[in-house]
Each structure stands twice: as structure tokens, then as C-alpha cells.
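We call the chains A, B, C and D, going by the order they appear; numbering starts again at 1 in every chain.
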Amino acid sequence: MPNATPTLRLEGVAKSFGPVAALRSGTLIVQPGSIHALVGENGAGKSTLVKIVGGVHRRDAGVVELDGEPVDFHGPAEAKAAGVAVIHQEPASFPDLTVAENIFLGREPLGRFRRIDRRAMREGVRELFRNLGVDLDPDRPAEGLSIADQQIVEIAKAISLDARLLVMDEPTAALSAVEVRRLFAVARGLRDAGHAVVFISHRLDEVADLCDTVTVMRDGEHVSTDAVADVTPDQLVRRMVGREVAELYPKVPSTPGEVVLQVEGLESTGTFHDVSFEVRAGEIVGLAGLVGAGRSEIARAVFGVDRYDAGRVVVGGRNLRQGDPAAAIAAGLALVPEDRRLQGLVTESSVARNVSAVSRRRLARLGILLPDAEARLARDWSGRLEVKAGALDAVTTTMSGGNQQKVVLAKWLATGPKVLIVDEPTRGIDVGTKAEVHRLLSTLAAEGLAVLMISSELPEVLGMADRVLVVREGRIAAELSRAEATPEAVMRAATPGASESESAA
Amino acid sequence: MRTHARPWWQRALLTREMLTILILVVAWVVASAAVQGFDGPLTITYLVLDVAPVLLIALPMTLIIATGEIDLSVASVVGLSSVTFGLLHQAGLGLWVALLVSVLLGAVCGAVNGALVAYAGLPSLAVTIGSLALYRGLAVGLLGTTAVTGFPESWTDGATENLGESPYPVITLGLLLMIAVFAVVLHATPFGRDVLDIGRSSEAARFSGVDVKRTLLILFVLSGAVSALAGVYYTLRYGSARGDNATGMELQVVAAVLLGGVSIFGGRGAIHGVVAGVLLIGVLGSALRLEGVTVNVINIVIGSALVVSVVAPRIAGGLRVRRRSAAIAPHEPPRFAAGAHGDPDGGSAVGQGT
Amino acid sequence: MSVLSLLRRREAGIALALLVVIGVTTAIQPGFLLSAGGWRDLLLTPSILVVLAVGQAVVVITRNVDLSVGSVLGLTAYLTGRLFIDAPDLPIVVVALVAVAAGTLLGLLNGSIVAFARVPALVITLGTLYVYRGVTLTWAGSDRIDAGDMPRAFLGLGTRQVLGVPVLTFIAAIVLVAVAYYLYTARGGRQLYAIGSDPDAAALQGLPVRRRLLWAFALNGALAGLAGVMFAARYGTVSSGAGAGLELQVVGAVVVGGVAIFGGSGTAVGAALGAMLLLTINRALPVVGIPDFWQRAVVGALIIGAIALDRVLANRRSRRLAAARDAEPPPGSAPPGSAPPGGGPNDAGPDDREEATA
Amino acid sequence: GSGDEGGGGGGGGDDVTITMLPKNLGNPYFEASTAGAEEAAEELGATVEEVGPDAASPDAQVPFINTAAQQGVSALVVSANDPTAIGDALEEARSAGTKVVTFDSDTEPQFRDLFVNQASAEGIADKQLELISDQIGGEGEIAILSASANATNQNAWIALMEEKLASDYPDIELVETAYGDDDDQTSFDKTAALLQSHPDLKGIVSPTTVGIAAAARYVSTSEYKGKVAVTGLGTPNQMREYVEDGTVEAFALWNPNDLGYLATQAAAALAAGDITGEEGDTFEAGRLGEFTVGADGEVLLGEPYVFDKSNIADFDF
């Protein structure tokens, strides 16, 4: 390894959010002129580390140095000023501003009288986009940009800073193969110019392709740092997971029964097209695809929180009224949404209130809801799912992600559903809980529940599903049986621009 | 697992509502001791009569604000219902019919607001600023220069009479009934839970099968109908139906509700707090007037109380846990960057001017 | 910017509505526009509201609101008169500057509570609405400033015309141009839009959110102070109740002018046109034969109509954008659904406590 | 009648307390009447306290009436914002032992003990018509700029003026009655609107002090100065400037100071039990001399006084 002063040095950095220790001991040393991969499971603390480097969070403990100088950023502005550019995992664009304004916000080129020079700004954006090989109108509002385009805007913004350290948190998650290659070319150019780049991705092939060094994190701690050439993907996975992968997916075999959920020709302008599939009792159907492929939208439309333009949803032989979640619930549908903080839970409410949120009408006697009935239901289900919380009236904001997810599951299982749709059921959940959730889903399916599982984690889909549907650009691109569903087959079907050398980790 | 993290008395005492109730009690005790004339029986009578309309309207307003919306048109509905009630009486209709029609009209006014907010998705603040002008305009337009008077004594007396020899006006019973109904609805029915859930996260509520739109519509209809009822009371109390009745009362109602501990962002609030908030404003006004303090000072006291009641818990809470970036008034849940939110250091991450 | 895109803007619609109102009314009563007085009143009547609306627009763009403007106007108008009485030797310009400074201070007070305590602007400014008004009432008591108390030269500002344009209209126009220029071409101006568009993203970007909020409230306060001076000059009498109830009219004008109440979009020009439209309609109604009493109803219907129209236009646009994603194959993977529209004000993090159920 | 003991025990006849409740605070007209009240109180050895709402609405007046009842003051002197709306509150105050005198703007007679009338309604209506007719040469269009649409006294005068116009002034046409709500800004804007919508307008009559000042101010700086006559009821201080610059030829008013003085004298006489408010009762009112209670419990101050260039310098209120 080179011995120059590292551009970035983090040692023993820790960060907790209330009771959640997101980062216990983050260590990362990035040399100038190198591209450094940071890998780890969901919730390993990668984004938290990045946010500390970018000045979004302040560390609780540890050392952060830039070019050998200790730094302590009080805000993103200071990090930016110190030459750190960060592409955060969730793009944060301003829908009301134009693309060009989004990119140059706060550092617009100025003309006479300190007035913004829009022409120069537009030219600058065109130049950036030319380098990235994309074709976006700098003057269009950011409102309505696809996730991929938002990501591109973020990338352009970060690159335009010309920083000594560029950190990219899963920039490729939403990009097509072509765009990924262009991004890599830009990153290599920066490296060759002596900049340091940190690259986070769940796709290990990308890591092998682009990076020279790789750091593995697990449960908020540093596990290892090696030259990419020195480790195999299998080794990396084992370090990330901390145990053998197989036991994570305790699949219980079951025999599918009759069709419970049937979706026919579902269509929504700009989002998904001609979506048809069915789910049988006792079956787990996986819905795979790239982020932004439209899987969540399909689930939301089926459940009724979104409307659709054409097609129909049939549950237990009866047509489901569209745009009416209450009807869906009555028909036996349940949806564990992908964003538990925003959609799954009323985080400001207590465990008890969340668990009883859907069932409370059933619990009421003469219209009056007795706290006892509510507490009994909550105690029952949170006990069954082993929710760890101080008390039933504890507010869920402070709970760990895994426990929050269990509360969401408890809420829906308490309704006694026939079909359970789970969207990213284990996102941001630690390994132990993950296995628990998998075991639970598997058991429920064995008891005759129909499960539709959306997941961006390929191993999860492959490990749990009896059948895999692959969504690409809002269309069902392939249906694969458990036997046919290899990582390669799924990725090939999922990636737009045909079957280029994409393969899964 | 335990059901409660704290014993019941701590849970009851450590609420925002208790603060308002405590201040109310202190104000009452101090006024009784120090203000001449305050401890007389007339004080209670006048207090109840004076706060009645604000209290009535504050009840549905509590539910609306608890969902994170607002209804600024209430005082205009009071005016409009006062006018319809008067005109129908003038036209020779029975007062019960007039009352019924006025309340129905109020419900319709509320339904218009509700439809625009819930189904057309328009911001309630803007919509009800518009309907505030619209309904007041209709009221003033309908009655023009005149006021309708000459309501039967039996009705006007009913609005102000005391219960037997007690200092409590008859309407106290009605008020208590309304308070009880709204308290039960908000705190002990699934509907009330829906209301609070919508205020905390309307997105999550929708994903739990709550019909957010219908709930909002119901609340606005309720607000319109109760405001209209308050309008009828107003008319009878003053024996005069006028288009400009209760002008500006919307801000009094909102101030009382917020003083009672309801969060303007929604999701938090309790009826007993709001009742205390309404009474607190009434008691302060009554005591200060008895002391010969003029309206101006009363305005200052009420305004400061409002600001302090919002800022103080913030500062107190901020010392315990520095909380997240809510620098900005009514705002949507962020679509992204969930991580940036829970940051306990958010305070320092925001707005570092160089 | 091309002529076509200029015509398609939201402001063009309001301008058109304004022209129609003026046109129809003039056709019925030519003096409405074609007499010296008509022309003057057309320009003069809205000038104070224009100044207030432009200031309010800046605050609303940041996803806040300032309900205390009416009270600030009252206080500064009275201050103006008081200064003329108590310090008759002060030049008019100094008096005006003192009043503007006082407005700025009051605005800063609002802004700092909102920005530092992080509490909703609606509540805070509702509180200061009462407080500022109370201060004026206490200070003024039954006192009133009469025309005779103020210098003629100052009162002249309220009525004098230069080149056929009233002085106050000139002032309003200068304010409008300056603020519009700032909002459109200054970095700080664009940041106000960013803050209103997504406050959390703005913080994540490292924008100086607090400083900008303070600045927005201060600017609004300063303009309310200026409006107070204009009020004193135009009406010649200032009592402690001056400007009472003006806040809702101002917010109404801003909303009619196409400034979204949830921040992030709208222009100063729109707000100014909204103010002109409201007051011109007010004056036109009696001329076209609609009695006085119905004016407020028409104004209310207009406000509601304007917001509804905005929503229809926004829906059309997002549908178009969604359809566009299907039409031209996007560079990236498939487009996800656009953001849900509207969205209630929630999740801004009040205290983490369950409300008492007992 | 629960306040009897408290009121009687504490004060009795020697300690007369009077509450002065004008339509609203911040109105120079009432400032003058309160000054008169204080003058009278001082002469009588009574105490007078002025209270009132910031806006002229009846519902805002009620709490102050209630407060007076709670305090058990000897007498309440009030200018009513509505003839009936404050009636109940006044009755309760009276049953608590407080004497009620209305001045300037009356309630219905059963709600008060006395009404001190500034001038008879006929007198006021006649005087204003006389003034406007003189100023516009006896013919043409005129408009009225009133206070709020519900003001009792305004409406009574306007009704009388309309009658008189029809019978005695056939060549004068009343084209519109506008309402300025006793608010400067509204009155000012309403004046502009009146002139706008009636290009042939010859004169404006504003029977309210706020309205006439606003109208005069608008006209004085417009092209209408000297062409459109402005008259009505105003205070000399507010109107001096416009009389001197020729915008206004003449206007009328009684002396509000005297009005407050007389109302307070009457209130004290009631409180002392000297009079009961019956028709024919007489009482001594300090510097104003002796007054007799007329029909319906009315006490008449006198004829309105006309102010013009020749005499306006002699007054300061």
C-alpha cells in the first residue's frame, strides 16, 4: 500500500442514534489517487460513516483526518468547503428548482452585479452531462425526474465540486449498465488526476471492476481492508455476513394451494405496464428487479394506496375496488411497505397503537375502544414476534430498525390476512433478525398464507421464493421457477440494455 | 412486556395539557385572591357565556388541527349562520326549523372546505382563508345594513339564563355534553385514533387502511355544523343577527387550541387541554378587565402566552434531546434523506453561516 | 425567455384576469380608467398591498407565513406619525428609515423565534400579531395622528404624481423590481426557493437555512415597515387600529398570485399582480352594479378559484411529465412514480410523547 | 339581584364610581367626551374609568358591561354599538344595582335609565341637509358615507334624511349610501369608489367624524377639490386643515366634551337617587345648567353647532 499521507483517515469512529448504535467503530483509510470500495450488509453503517465524513452527522467518538489534519465538521457546508463531495444514498433534489439550479445551488456562476449567470450555468451543466454521457435538459424542473435521473443529477453535482475526496453511496443502484460504465470512466479519470474516491455498492462485480482497495464493515464495525486483487467475492460475502449464507434462508417446503391473489393487465402511465401475475396460498413469490423498476408501485396499486389506469386485481375470486385500502384489508390483503418509517409505522405512536392500528375497529365495543383490548392485542402479537421494547406505550421512533419491522409485521399479522405483500422486509435489519423474519415468512407460508415478497437483495429472493418474477422498467420481464432462478438469470432479466456482462454477487 | 413505561400518575402529570391546566388553576387562584370582584358568582356566569362560542368551535378545531390541517373560516360560518337564522326567523319560520337549516347550511360550508382540502388536495390554510372571505361576504351580503332582532324571549333567555339559583348558565349542560362527546370521539374511538394517526403521518395512516380523505371531510363538516350552532347561540345571546357577528374569532379559537397543547403539525392534542386553554384566555381577560387593564394589555398577554407555550417546551425539550430539523413550519414528510432526520446533532448541522 | 414561455407562465393568467376586469369595468364606466382620478386610483389603491404581498411572498416561498404584518404596519404607521410630532425637525427620509428599521426589527424577532426555536411560523406570528397590536394600542391609547400632525411634504407623497404615476406606486414598483430581481438572480434568492422546496434537503446541502429564514422574515418586516410609512402618507390619519385584519388579505393576495402556500414556488411579480387584482376587483364591483356588501364574497371565491386552478395546472404538468417518461426511453432504468402531490403538513417532529388518554 | 349587598355595602352614595364605555377606544370623538366626563366627575367628587374594545362591535362591548356589573360600579355610561345586542348585559348590570346612561348612540329604551341625546335626530338630519343643499346650490347628486351598517344613530339620521330629501329637496338625488365602518382606510377607499362610480356627484354627506375626515382628505388631494362638496358631522381638530384649504365649507357637530359632561352629570344624579329617569325629572348639570328628562327617558343636549372658517379656530377637540 502507498505510504503517502492518506486523503481520508477515520479511526474508531462511533455514532449512535438514541439506543441504536449505527456505527460502533468505523475505520477507513483512503489514499489519494485510489478508488476505495466500502461494502457491507444493509445496516452495516456505511451510510452513517459517509454522513459523518460529509458533515451531516457529528461523530460521538473517534478520529477523522483529511490530508493528515484532524477535522470536525459542524455541517455539510464545512465539509464541502474542505473539499469533500458526497453523493448520498437518497438523492435530495429540490423539485421546484431546475436541474441546473439543483446542480449549482449555492455556487452559481456569477456575472456582473453578483447576478447569477444562467448562460454560464447552463453551459457548465451541459459540459458535465457530456462527460457523463447523458442527455437531460438543464432547464427542466427536477420535479418528476426518475430516480436514475435524480442520481445522475447528484453525481453531476458532486463531480462539479472538483473535490479532493469524492464519496459515492450506492450511486449505481438505479443506473443502467451504460450509465454505470460512463460513471466508472469519470471516477477513473478523477483517480488518475490524484483525487481519492470512496465507492459504496452491493454489487461485488462492480467493486472488482472499479476499485483497488476494499473495506468490509459489519454491524457498525470495521472487519477488514485489502487490495481488491487479494480477496475473492466469496471471502467478501463471508466477512460481510459473518456466517455461512445458507442458514439465513430457512426455507420450509410447502405445497401451493389455490390462487388467492390474481393481477391482470395492471397499467399505470409512467410507472408500470401490463402487469399480470398470480399468487397461490402457501406460496412465496419473489418480485426482483433494480431499484426504481417499479415493484413497489405495483404492490401499492394492488393494495389500493395508489390508483391504476387499467387492469384488475382479484382476491379470493372477487374483484377488488381500486384505490381503497380498506376494501383490500377486508378482502384479506396486507402490505408491509418498503419505507417503514414513513409508511409502515406511525413512528410517533406507541407500540400498542401501531400494532392495533388496523385491527382497532374490530376491537371497539359499541364504538368505544378500550385501552385494555388494545394492550392485550399488542402484548399478544409483540410477544409472538419477540418485539424488544421497554413497554407497550414506548414510542416506536426510538426502536431499532429490526424491531420496528417486527411491529409492522405484527400489525398486519394481527389482521389475519390471506395474502401478505412484503416490500423489502429486511432492509436495514441486522443479520439475526433477518433470519427470524425469514423463518417467520416461511412458517406462515407453510401454514397456507400467500406471500408476495419484494426484495432488492438477490440472495434473499433466491433463498426464500418458490417462484421469481423479474420486473424491468415497469414490466414483468421474466418468470423463473425456483430451479431456474440463478443470480445470472435474474440480473440478466432485470437489467435494461440486454444481457451485458452484468452478474450478481 | 410491561404495558406502561411510567406509573399512571406520572403519565397524567407529565403532559403538555397539565401545564395549561396548572397555569389555569394558578391564574384562577391568584385572580380570586388579588382581583376585587373576581370571586363573585357573576364571574362564572359571564365566563361561561363569554367563552361558550369559542369553546364550541375549539372542539372540532382540535380534531382538525390534530390532523395537521386548519379551518380559518369558522368565524365567518358563525356570521353566516347568524344571518340565516335571523332571516328565517324574520320570514316567519319556526325557530327550531331555522336552527336546523342554519346548522345544515354550516355543514354544507364545512363540506365545501372539506371537499377542497381532502378530495382536491388543496392546502387547508389557503382554502379556508378564501372561504373566510367568501362566507363572511355572503353573510354581510344577505343581511346588508340591517340586523334582525326580536327573537322570542323564551329563546334569548334560554341562551343566558342560569340553572336555578346556581351561577351556572343553562348552556353549561350543553357545553359539558359537547365536551364529553368530543373527548370520547378523540380519545376513545377508532375514529379518534385515525385522526391522530393522520396528523402524525397521513402516509402511514393511508397504508393502514384509514380513509384519510373521508376523515378530513367529516371533520370539516363537523367544524362547519358546530360553528353554525355557535352562530345560533351568538345570535340568541345578543338577541341580534348580524353579518359581522364574531368577526376575527377564528384567530381566538386557533390561539386557544394551540394554547391547550395541540400541535399545529398535527398528531398531538387532547380535549381537556383545549378546554383549559379556552378557559385560561377567558379567565385572563376577565381578571385583567376587572383590574381595569385595557384590551391592549390583554392582547399582549394572550399573544405572549401563545408564543411561550410553543417555544418553552421546545427549549425545555431541546435541552434534553436536541431534536431534528423542524425549522420549517407546516411541512411534508421528507421523501428522502431519512437519515438526516434523526440526527440529534441536527441543530448544528443546519444553517452554518460562514 | 421566449415570448411563448412568458405567456404560459402563471403570472400571465393573473395579468390577463386583471386586464379583463379593467376592460369590462371601463366599458361600463369609462371613468374607471379613462379619467385622471380613475387612472390614479387604479395605480394608487393597490400600492400598499403590493409592498406587503411582495414581502409576504418571500416568506411564503420558504414554506413559512407571517401573520403579524398587519400589526407591524399599524405599529410603524403610528411610529411614523409620532416621530413627526415628537421630533418635528427630523427629515422625512430619516423618519421613513426609522420606521423601516423598526419593521425590520419586528420581522427579525419573528424570524429568530421561528428559526432558532424551530417552531411553526403560523403559531408564532399569530402570537406576535396580538403582541405587536397590543403594543401599539398601549402606546397610542386613544391618541390618533391627524393629517395636521404631519408635514405637508410628507402627506404630499401619498397623493402626488410624477409623470402621471403616483409616488407611492413608484415606491411599490421599485420594491417589486428589487425583490423580483433578488429572487430570480441572486444566490440567496434561489436558496430561499430551495429551502421552501425541501427544507431537509436544504440542510443536507449545507445551505445556511437559519440565516436565510432570518433574512426572509427581516425583509418582510422591513417591507411591512415601509408599508406603514406609506399608510401614514396616504391616509393621513393613523389610529391604533391601522392595518388590523390586513394579514389575511395579504396572504390571500399572495395565494391568488400563484405563490404556493407550501413553499418552493411563485414569484414576487405574481404576488404583486394578485394584490392588484384583489383590490381592483374590489373597486370594480360597485361600478358593475354589485353592491358593496358582496365584495368580500367575490374576493373569497376568487382566492379559492385561484388555488384550485393552480392545482389543476400542477396535476396536468405531472401527468405530462409521467407520460413523457413513457414516451421517450429514459436513459436510466424504469421511471418510478412521481412524488405524491399535496401532502399534509405533518411529521415535523413535535415532542416525542404520547398524548394522555386518561 | 345577587350584587346588591356588595355594591350597597361598599360604596353607598358618597363613593360614586362611573364606568365610561365608548363605542371603541382610539377615537378622538370619544376622547373628547371622556374628557368631559372626567371634568364632571372631578366636580362631583366621583371617579370615572374609561374602558372599551378596540373595534366598534357590540359583542366586544358586552364583556366590559359584565365587568362593570361585577365591580358593582354606581353607573355605566355607554355609547351602544347595537340597539339590542348589549341589552341583556345592560339589564343584568342594572339588576346588580348599576345605573345605565346611554349617550351618543342609544339602545332600545327598556335597557337603560336615560339617554343623553346630542341633538334630536330631526335636528341633525335637517342641519346636514341644509348644509349640503347650500353648498351644492340646491340640486344634483349626493352620496352618504356612513359608519358601520348597523350603527343605530347613523341609520336613524339617514332614514330621516331620505324622507326629508323626498319631501323638501326635490332636485337633490341621493345616489348611494356607502359604509366606511368608522375606519380611516375603509372610509378613504369608499370615498374614492363613490367618486369613481358617480362621475356627476356634487356632494358627500358623512354623518360620522371618521368618515368626514377621510372623505375630506381624499377630496382635498384630488381633482374633485372645490367641485365636490363634503359636509356632515366632524370634529374641529380633524377638519381644521380642510376648512382652511377650502375643501370643506362648513360642517356640524355638537360639543362631544359637553356630551360626556352631561351624561356623567346625569349618571351621577341617577346614582345619587336625585332622579329616576321619569319624564319630567329635572337635574342640575354643573356648568351646563338645568336639564329636564323628556319622553322615553331622553335628555337633549341642544342643537348641532355649525363650524366654518370664521369660528373653527376657537375650538380644540
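As a convention for this text, a residue touches a chain if its C-beta (ideal position, glycine included) is under 8 Å from a C-beta of that chain, and two chains touch if they have at least 3 such contacts.
In this text, all values refer to a predicted model and were calculated from it rather than measured experimentally.
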item	value
Far-end chain from subunit D, centres as C-alpha averages	A
Contact-richer chain pair (by C-beta pairs counted) among B-D and A-B	A-B
CA centroid of subunit C to CA centroid of subunit D, Å	37
Averaged-CA centre spacing for the pair subunit B and subunit A, given as whole angstrom	42
Centre distance in Å when subunit A and subunit D are each reduced to the mean of their C-alpha atoms	74
Where subunit A touches two or more other chains at once, by residue number	55-56, 75-78, 88, 92, 342, 348-349, 353, 393, 397
Residue list for subunit B, restricted to those that touch at least two other chains	11, 140, 144, 188, 196, 200-201, 203, 243, 248, 267-268, 294-296, 299, 333, 336-337, 340, 349-352, 354
Shared interface positions of subunit C, touching two or more other chains	133, 137, 196, 198, 200-201, 203-204, 206-208, 240, 293, 339, 347, 350, 352-353, 357
In contact (per the touch rule at the top): chain pairs	A-B, A-C, B-C, B-D, C-D
Residue ranges of subunit B touching subunit A (in the complex, touch as defined)	1-5, 11, 184, 188-190, 192-193, 196-197, 200-201, 203-211, 267-268, 333, 336-340, 342-345, 348-352, 354
Touching residues (chain side subunit C, partner subunit A) in the complex	181, 185-187, 190-191, 193-194, 196-198, 200-208, 264-265, 317-319, 321-326, 330-339, 347, 350, 352-354, 357
Sites on subunit A touched by subunit B in the complex	17-18, 47-48, 51, 55-58, 74-78, 81, 88-92, 303, 305, 324-326, 328-329, 335, 337, 339, 341-349, 352-353, 357-358, 360-361, 363-364, 367-370, 375, 379, 382-383, 387, 389-394, 397, 411
Subunit C to subunit D touching residues, read off their complex	29, 31-32, 35-38, 40-41, 45, 133, 137, 140-144, 146-148, 155, 158-159, 231, 234-244, 282-283, 286-287, 292-293
Touch list for subunit A against partner subunit C, complex	55-56, 75-80, 88, 92-97, 101, 105-108, 110, 114-116, 134-136, 143-144, 146-149, 151-152, 174-176, 178-179, 268-273, 290-294, 296-297, 306, 342, 348-350, 353, 371, 393, 395, 397-398, 471-475, 496
